[in-house]
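Each of the two complexes below includes subunit A, the first together with subunit B, the second together with subunit C.
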Partner chain A sequence: MIEILSVTGPASVQDLGRFDQYRFGVGTSGAMDDVALRAGNILLGNDENSAGIEIPMLPFKLRFGRDMAFALTGADVEAEIAGRVIPPWWRSHARTGDILTVKAMPRGARSYLTFGGGIDVPMVLGSRSTQFRSEFGGWHGRPLQAGDILPCTASTATIGELGVEPAEITLVRPNATPDETVVRVVIAGEYDGFAATTQALFWSSSWKITPQSNRYGYRLQGPAVKPEVPIEKRSHGIVPGVIQIPPNGQPIIQMRDAQTSGGYPKIATVIRADLWRVGQARLGGKLRFEQTAYTDALAAEAEMSAYLDRLRTNVRLVEETRTCRSS
Partner chain B sequence: MTAPDRPRISLLGTSALLFEAPGAFDLPHQRRIWSLAATASKWPGIREAIPGITNLMLTFATPPRELDALIAALNDGWDAAEGLTIGGREIRLPVTYGGEIGSSLQSVADHCGLSVDDVVSIHAAPLYTVFALGSHPGYCYLGGMDRRITMPRRQTPLQRSAGGSVSIGGSQTGVSASPGPSGWHAIGHTSWTFFDPSWPTPAALAPGDTIRFEIERVIR
Partner chain C sequence: MPIELTDIARLAQILEKSGVDTIEIEEPGQSLKLVVDTGPRMAASPTLAAPAADHSVIAKADVAGHFLAAHPWRDKPFVAQGQRIEAGAVVGLVKIGLLYAPIVAPAAGTVDAVIAEPGATVGYGTPIVRIRPLAGSSPIN
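Moving on to the complex of A and B:
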C-alpha cells in the first residue's frame, strides 16, 4: 500500500478508461496521457490497463508501505526518493517507509506514477478510472487527499532500475516548438458550415490554452471562429478530442471527463494518436491544429503502436539478459 | 451525403462516426434510430451504437481501414429500418416545481407569457418518452414537451446545477441525474435516483421508457 502525504490539485486514480458505457451516459474518464500510463505499466511488467496516479500539479508526496517497484512517466518532472534523484520515464524500487517527492514539472502537464502490480481499487463498470461527476471508480470517486492509503496488488517481481525513451522524443512532430503543441485533426460534421476565410483562421491561429482547461475540456482563446449562420444541433454523441465551437467562437477540445453528448457545432476532432499531446499541453501554452486525412490518422496510430511495441520488446530483452546473468 | 432528405454521416476522428437522420425530432424517427442502433451494435469492429436525438454514434473497437462499406451499410440500414417500438415501463416522478432548485420557473413563465401555474400544468401534462441517454451518467433526453414552454438555452452555462433538477433547454426537457454544469433552466426538482453503478444495469431508465411528472408541490 501507499500513503498520500501531500497533494496539490486534483490528482486521481486512472487506468486507460471506460470505453463501453456510453449508452448509459458514462464517458471514458481515464489517463489524459494514455501513452505515458501504458509506458509506465510496460516498464513494470504490469497489465497495460493497470491503474496509476495522474498528477497534474506539484508538489506531490507519498510514502511506500512496503517494498515496491514504481515508475514515473509523462511530464518531465524532478523527483526524489530517499535522497536519490529519479529521472522521468524511469522505473525504480522503493523500500518500506521510503518517501517519494515529485517537486517540479519543467515540461508537460501531467505526471503518471505507476506501481508494480497496479493500484488495487475495484473495477466499476469495467474500469478503475475515477468518474468525478457520478463519484464512482478510482479512489471513492474523488480526487486524492493527504492521508489516503491506497492498496496495491502484491507483485513479487524484483526488478532493477531501467529507463525508456519518452514518447515526446520518439514521436516528436517535425513542426512542434517548446511552447507550441501541434496536433493533427480530422475535420468534423460542421466544418463546411464555416466560410473558407474562417476555416483558414482556424488552421493558421496559434490558440492560447486558457486557465479554464482541465480534464473536462481544453478551452482555447484566439480570434473568433464562427459559422456563417448559427448552428444548433440536436443532441448527439461526442468523444474525447472533438473540437466544439460554442456561440462565442472560442474552441473547446472535449477531453476525458467531457459530457458524452452535445449540440454545439464541431469543426474537427483531434486524432487518437495525438490526444495525449493535448493532455501534456500546459495552461498558458499554445496549440495549433494541422489537418489530416482519416487514413493518415490511422497511420499515426500505427506509429504510436510501434513505439509501444518497441518498449515492450526492450523491457523484455533487459529482463531476459538479467535472468541469464543471474542464473 | 449532404442532400437534405438523406442522412448525414461524419467522422469523430478515428474513434467514432456520427449518423444523423433526416426529418423531424419525433417518435417515429427516433424509433427508426433505435432499430438502426440495435442492428449496428452487432456489426464487427463496432464497440457501441449510441442513440442521440434522431442520430446515432458508432464507437469503434477497431477503426475500419476504409469507411465506404460502413457508410453504405448505415444508409441501407436506415432505409430498411422499420420503427422499433419498445414497450418500456412507465415511471411516475413526483416533482416539486419552483423553489430554490427550480428558481427559473418564474423566468420561464415570463419568457413564455404564461402564469407559473400554466407552465407547471403544461409541463406535467404529457407522457414523455425517453429518446436517448447521454450527457452524464443516467441522464435521459425526453421527447414530447409542449412547445408553448420552449425557452432557449442559457448563453453562459451555470457552473453547478443540483442533481434532480427538472429543466427546460430549447424545446427539450429532462432531469439531471447528478450535480454539474448546465445550460438549461431549472423549473423544479425530484429526488428520484437515475443512476447507480452497483445496479446490474447502472441506468434506471432506457430508451423507450416513459415518464409522467406528478405535481407534488408548487413553490411560488
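Moving on to the complex of A and C:
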C-alpha cells in the first residue's frame, strides 16, 4: 500500500481507459498520456493496463507502506526517493517507509507513477480509471487527497534500477519547439462548412492553450474560426481528439473525460498517435495543427506501436539476461 | 550452472528482435559474449580497470552500449569532478537500444575524473568514473 502525503491539483488513479461502455454514454477516462502509462507498466513487468497515478501538478509526495518497485514516466519531473534523485522515465525500488517526492515539472504536463503489480482499486465497468464526470472508478471516483491509502497488488519481483528512452525523444516530431506542440489531425465532418480562408487560418495559427484546459477538454485561444453560416447539429457521438468549433470560433479539443456526444461543428480530429502529445502540452503553451491523411495517421500509429514493441523486447532482454546470470 | 545452448539461442533471438547488437555475461568460471552482425560497428572493448595504486575505485559499465554523461533531457551531467557522491549513486547511463542502464558508484567518495567520453561505445567493465573513496568506507561490490 501507499499513502498520499501531499498532493496539488487533481491527481487521479488511471489505467488505459473504459472502452466498452461508450455506447451507453460512459466516456473512456484513462491516462491522458497512455504511451507514458504503458511505458511505466512495461518497465515494471506489469500488465500494460495496470492502474497508476496521473499527476498534473506539483509538489506531490507519498510514502511506501512496503518494499515495492515503482516507475516514473510522462512529463520530466524532479523527483527523489529516500533522498536519491530519480532520472526521467525510470524504475526504482522503494523500501518500507521510503518517501517519494516529486517537486517540479520542467517539461510536459502530466507525470505517471506506476507500481509493481499496479494499484488495486476495484474494476468498475471494466476499468480502474477515475471517471470525474460521474464520480466513480479509481479511488472513490474522486481526485486523490492527502491521507488516502491506496492498496497495491503484491508483486514479489525485485528489479534493479533501469531507464528507458522517453517517447518524446524516439517519436520526435519535426518543427516542434519547446513551447509549441505540433499535432497531426484529420479533417472532420463539418470542415467543408468553413471558407477556404478560414480553413487556412485554422492551419496557420499558433493556438494558445488557455487555463480552462483539463482532462475534459482543451480550450484554445486564437483568431476566431467560424463557419460560413452557423452550423447547428443535433448532438451526435464524438470521441477524444475531436476539435469542435463553438459559436465564439475558439476551438475545443475533447479529451479523456469528454462527454460522449456533442452538437458543435467538428473541424478536425487529433489522430490517436498524437493525442498523448496534447496530454503533455502545458497550459499557456501553443498548439499547431498539421493536416494528415488517414493512411499517414495509421502509419503514425504503427510507429508508436513499434516504439512500444521495442520497449517490451528491450526490457524483456534485461530480465532474461538476469535470469541467465542467476540460474 | 552452465549457460545452455538453448539459452544462447534464445538470447540471440532477443538481441536480434531488440535491435541490440552486443551482450556480455560473466560469472565465475564462464563468460559469454554475443555479437549480432549488423554491419560496421566499433568493437566493445572489455577493458578491465587497472587496479589503481592510489586506492581510487572505478565505476564501470556492466553492459555494452553508448555512454551518456547526462540524461538527454538534462543539460547537467550526473556527476562532475570534485562532486561528493554516495555509494549506489547513478554516475552515468549506458544507452543500449531504448534502454538507459545506470552506471553506479561502487563506493561513497569524491569524483576524481569522468574517464569515458560522452557518446563513446563502452563494453562490460569499461571504466567510466574514477572515485576517491571516503576514508574508512568500503566498496559495495
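Note that the second predicted complex is superposed on the first by the 327 of 327 C-alpha atoms of A that agree within 3 Å, B and C clash if a C-alpha of one lies under 4 Å from a C-alpha of the other, contacts with A are read in each partner's own complex, and residues count from 1 in each chain.
The rule is simple: a contact is a pair of C-beta atoms (placed from the backbone, for glycine too) under 8 Å apart; a residue touches a chain by one contact, two chains touch by 3 or more.
Computed from a predicted model, the values in this text were never measured in an experiment.
Placing subunit B and subunit C on a common subunit A by superposition gives a fit, with no clash between them.
In the superposed model, A:A297 makes contact with subunit B only, not with subunit C.
Once the two complexes are overlaid on the shared chain, A:G189 sits against subunit B while remaining clear of subunit C.
Touch criterion not met for A:R95: it reaches neither subunit B nor subunit C.
The superposition of the two structures on chain A yields an angle of 160 degrees at the Cα centre of subunit A, opening toward subunit B and subunit C, reported in steps of 10.
In the superposition on chain A, contact is made by A:I169 with subunit C only, not with subunit B.
After overlaying the two complexes on the shared chain, residue contacts for A:R66 are found with neither subunit B nor subunit C. Looking at the shared chain after the overlay, A:Q259 reaches subunit B, while subunit C stays out of its contact range. Look at A:E161: by the touch rule set out above, it reaches subunit C but stays clear of subunit B.
With both complexes placed on chain A, subunit A has more residues touched by B than by the other of subunit B and subunit C. Applying the stated contact rule after C-alpha superposition, one finds that A:L311 touches subunit C and leaves subunit B untouched.
Once both structures are overlaid on their shared chain A, subunit B and subunit C have a minimum Cα-Cα separation of 25 Å.
Looking at the complex, you find that subunit A touches subunit B at residues 19-27, 124-125, 131, 133-137, 185-189, 192, 232, 234-242, 247, 259-261, 266, 269-273, 294-295, 297-298, 301. Contact residues of subunit C toward subunit A in the complex are 1, 3, 7, 10-11, 14-15, 17-20, 23, 25, 27, 71-74, 86, 88-90, 93, 95-102, 104. Touching subunit C in their complex are the following residues of subunit A: 76, 84-85, 87-90, 107, 160-166, 169-170, 307, 310-311, 313-318, 320-321, 324-325, 327. For subunit B in complex with subunit A, the residues that touch the partner chain are 2, 8, 10-16, 18, 20, 25, 47-57, 59, 63, 65-67, 132-139, 141, 155, 170, 172, 177-178, 180, 195, 197, 201-203.
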